[in-house]
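Read through the structures below before going on.
Each of the next two complexes has chain A plus one other chain: chain B in the first, chain C in the second.
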Partner chain A sequence: MATPGRSARSVLACGEVRTGLLPSFQALDGRAAAQLLRLRADEHVRVSERPNLYALSPEVLTGVDCRLPTSNGAKVRGVGTVIARAALTEGRVLQSTAYFSAPADGPDVRRPWGHYLVRPGVVEPFGKLPEQATADGVLRGGGRGDLDLGMISEGLLAQLVRHPLLDHKAPFKSRRTHLRWAARRTPEGQEPALDRFTLAQDGLRTVELRVPESIPAGAVAGLCEDLALHDWLLTTVVHMLENSRLGAADGPAAVLALRPAVDHLLHLWMPRAHVDRALGHLWDVLEREPGFSRQWENLRQRIRDQLAIQAIPLLHQALSTR
Partner chain B sequence: MTEAVFRETTADPGTQSVPLAHLSLELGHLYMEDFEAGPERLREHFAEVRIWVDAARASAARRIGGKRPRVSTCFLIDDYFSRFSTPAELIPLVLEEAERAGVVIDYLARESGCAVADRIELAESVMHRLVESPPPGSHGSRPPVSQTGWLANGQRTSPNRSALAEIVTWQPPQETAARNHSVFMDVELWSETDKGRLWSCPFLAAVWQLARLGLLRHLGEPVLVPKPWTGGEFPQDWDRLPPLLKLNDSRVAFSAYRTCTLMANRFLAVEDAVRLILDQVDVDSEALQQVAKRSAAEGVAVPEAVAQRATYVFYEEPANPSSPDGS
Partner chain C sequence: MLIFAASDKGGTGRSVTSANLAYQRALTGDDVCYLDFDFGSPTASAVFDVPDARQAAEDRGLHSYLIGETSEPVRIDVWADTEHRVLRNQPPGAGRLILMPGNLSGGEFATTGENLRRCVDLLLRLNSEFDLIIVDLSAGRSYAVEMALMATAQRELSGIEARWLVFHRWTRQHVEAAAGLVYGKRGILAHGVASGHDEDALRGAIRFVRAAVPDPDSALWSQATPTQSAWMEQCDTELKQLASHHGIGYSQVLGSVPLEPVLQWREQLITDEDVLDSQIATMETWQALSDLAARLTDDKYWEEA
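Take a look at the complex of A and B:
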């Protein structure tokens, strides 16, 4: 007896996370976050208040029947469903992920749709899955007509930002990033590993992982959302500091340019806050090299120092006019 | 690894399970004109149904190895598309005629309960769970079921305008899971009326099947929970009748691993549409797992695909017994 959702063992899980600033002047509180992410009326939005405010939408499915992206040009048709979900951190950073798992092989005919629907998030290949080529293909991005995870996560994001709760008055300008990930499945008992994190151009990041079969794809997606969130924070604050023309700009201008970081971003740094316990330690690799938190600490210190320096003339002014 | 010390209930909401019988047996479906035709028509109906009830019970018993199966029976009255008489008048009549034929109705439901039950918009929720079967070539664009209100089992006919001329060539529709040739079906899920959205009969029947299969939840809680009938008068107004009523002290649950629906063969097209819908509903995965685990533990594993759990007996319409003078 096959339990629904437990189909043939998956050998690969892949996804894409889009991360951006919520287009709203005010950060959303827990209730509003739950309202925004209520993709279905009959299912709960998961809301956490510790250690930070974090809301996770129900998962929705998109049916696909198309070629899988492959790096070697192999043509593999896949049929099944891709899971999409969205998360909002501290009512400020909105992320959407699309992900799927794939078994090593599948039949050469398409089965009744009900077969795929009881395996949410599984895309079955026709014939044998070229595992490495598919993992590489997803990371590189597919060609025309290939399975497009980016389009699915972008579609969800587009749906969410049309929500009437949002006033489209973002407090500062920022760019979205997208992070693609691929996790090869390893036998039970092996330790999960983060093999590569690549910072590419135009906001693209890729992550390669190895994860034992027992860890659900949703947990891997959660880890990658966490990585994407913190990478976005670094990217955004670095950009903000560059634009503030630190040192060159006159006092008030620098303060104005940096203030959004203090108001909206500095408190968001909290690696592995909502990451599955079995995967949290994968952060350690990135902390050693390049040192995500180290860089963040440095940025935060620069911003604080800058604001402190700018405060001195104001203090003088205040004292002299007494 | 140790258990987590800290837990937030809002971060980890559970899904309640529901009690489950082996089989939920529906004792036919009648249109308003059947009720209008008087008690003789009902009598004929239940006499025919009785035969298939026995057959369905025997089949359920065989499936569980000859033991006594838990079979609950139900009857659905249409108060959604047309309203006829009152519960106080009609229900005793139905119960009396069923009893006369030796058929026991355990649960009685109103069709509007499949649209809205206890202020929960069931049909709306199920509509949001539709995941269209993707025709080949679908690589991630979201199909707009919620815009069109139609659901098909393949690709529709689309007039293709050629680039050069005003010539419109006809493209045949195509069933996605066709074997050699297509049997294409397109089902209207709702229509918009002055009074709001009117759900179609197949769509409400799909909701009804999901309820009978124990697969509906609202925020993790069971929906369409049967209310016991204490034996008093039935109300004068359909709206005051609970959406699902338990008529006797049967201990067999309303929902079941499988459903069997006994109906006249004029309903065949509707039920084919119901299966088309069921095949494209992404039901609550925890509810699905609960059913799978429990049925497997009892040694009566359910078919994986939800639509496969619904079975039918289509019988010939009983002849109209009314005499020539129209009584």
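Take a look at the complex of A and C:
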């Protein structure tokens, strides 16, 4: 039997991040962000102002005892706790994550809750964990009655959105995205790797990683939050450009439709700002292919060019009425 | 903005008309979500011609969501999933058109506690995503109406504009029933006030839609004898007096939808093709629907009378 408080080696970490615009007319400042994310009275919200305003809530635990999602239909019961936390970037983009780690195997009986409570964020399987099938199952989404990380992170998001600080007068409409991730644990000394990033339908994204055991699951969650944030920015601005009907609609209307991007989104691009140093280089994979920053730079330039073109007639007008 | 569609009785064309409003708004570029809260007799999948929705909604429909059986109510992308020949091609510039179907089965449910919270969460979430959310409520004083009144009275939803459409047919009985549904002892206003709404504000957010109104001047009735025409005119005048007497006169009306066989019998969306190419629907109906759709968000039509 393991010593209390010390977990068996984890072989898998999985999570889901939900990302969306904060439903508030004005962006929240650091103090308001801390107030919003104060999920627990006994722990502080971490707020950092450099290089951008970023607030991270304390972690809350959800006890679970249910089937784990598996891609091959294997029925594995898991018991333990799932960690949920929320982050707010520049007082504008709200994210919530639910994640857990799992050891390779566990006992066939349920232990007293105290056992699970001293291992926050660990879900122990009954018997042996089918690692790959569970990772795939989480990425694909479970069936009815399976552990549902999306439900836990959505629950936290819904709780935050009900906060009296928020007036539900967001400056523009936008869709949320869901990013599901699964990280297989590799032996000490191996380099972390990002194997796959996919865009699925309905705002779903999946990320497959390999991460050495020494890196805590919270750091992996942080990397995935950063990926989800930037993917959401791309998705949202692309949608805004599509809707503005640049070129088809007349000038002022298109500019009006793009204005929220300038006011609220363009300054948010800052990959790896709050990512664990050991994982920051995984961004390089996405920068090469598909080229996140390249696409962003292109979008930003397009918006700026449009605004510049719209300004030319105004300049002429101003000069001619002098 | 939230639009709740209620009706005094069945058969007012509430579902088909409000679905047409959703379609019209999406055509003009709005992102629109249509929620089928007509539990027990969901018709939206037929109106939008998305047969797969019926199956999908069986255990993941709105009713399952509200009672906590599923965390994600199923969403149907109408442009992508419809089998309607015309709707399949999303016109350029059109916004999203999403249907959230109700369950086939399931009727009554508690409108308090967790169920109410889930309803509020859903509306908050959809409001951040869609320009317009149209909620089709079951006829009469139903659980769905009660839930909508309770939800919109919650503090969380107070910042979100909500408007009510009450559909009724243009007959004596329907005029009286519609007035009763809103102003009656157990009507929407009384119930709303009991749930925490401000009476004047709620009253100001309710407008009536006269459905299946025969227009004596329309081509459909051009063959009527002079006696018939005179009789129709007289009935129409009497109904107007009756409506006015019951407090649902002209100033409280957002619009009228003409008596239209396509709406009555086919119960489907009217596309521009139905009007222009096959010409089975009339231009008047198309115009009435598009006027009504525009007035949903035109504050001029919602000012205090």
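Following the convention adopted for this analysis, the second predicted complex is superposed on the first by the 316 of 322 C-alpha atoms of A that agree within 3 Å, B and C clash if a C-alpha of one lies under 4 Å from a C-alpha of the other, contacts with A are read in each partner's own complex, and residues count from 1 in each chain.
Basically, contacts are C-beta pairs under 8 Å (C-beta built on N, C-alpha and C of every residue); 3 or more make two chains touch, one makes a residue touch a chain.
The structure presented is a predicted model; accordingly, all values stated were derived computationally and were not measured.
Partners chain B and chain C fit side by side in the overlay (superposition on chain A). Within the superposed three-chain model, A:Lys169 lies in touch with chain C and out of touch with chain B [touch as defined at top]. Applying the stated contact rule after C-alpha superposition, one finds that A:Asp148 touches each of chain B and chain C.
Working from the superposition on chain A, the chain A vertex angle toward chain B and chain C, CA centres, sits at 100° in steps of 10. When the shared chain is aligned, chain C comes close enough to touch A:Pro23, but chain B does not.
Counting residues of chain A touched by each partner, chain B versus chain C, the larger count belongs to B. By the document's definition of touching, of the two partners only chain C reaches A:Val161; chain B does not.
When both complexes are overlaid on chain A, the residue A:Pro120 reaches chain B alone and has no touch with chain C. With both structures placed on the common chain, the touch criterion links A:Arg245 to chain C but leaves chain B unconnected. For the pair chain B and chain C, the model built by superposing on chain A gives 9 Å as the shortest CA-CA distance. Overlaid on A, the two complexes show chain B and chain C touching the same residues of chain A, namely 148, 151, 155.
Of all residues in chain A, only 20-21, 23, 144, 148, 150-151, 154-155, 158, 161-162, 164, 167-170, 173-176, 202, 243, 245, 248 touch chain C in the complex they form. Within the complex, the chain C residues that touch chain A are 29, 31, 59, 70-72, 75, 92-93, 95, 120-121, 124-125, 127-131, 155-157, 159-160. Contact residues on chain A toward chain B in their complex (touch as defined above): 1-5, 39-44, 46-50, 54, 60-67, 77, 79, 81-82, 98, 110, 112-115, 117-118, 120, 142, 145-149, 151-152, 155, 277-278. Interface residues of chain B facing chain A in the complex, by the touch rule stated above, are 1, 4, 6, 8, 10-13, 120-121, 124-125, 128-129, 131-143, 176-177, 217-220, 278-285, 288-289, 292-293, 296, 301, 304-308.
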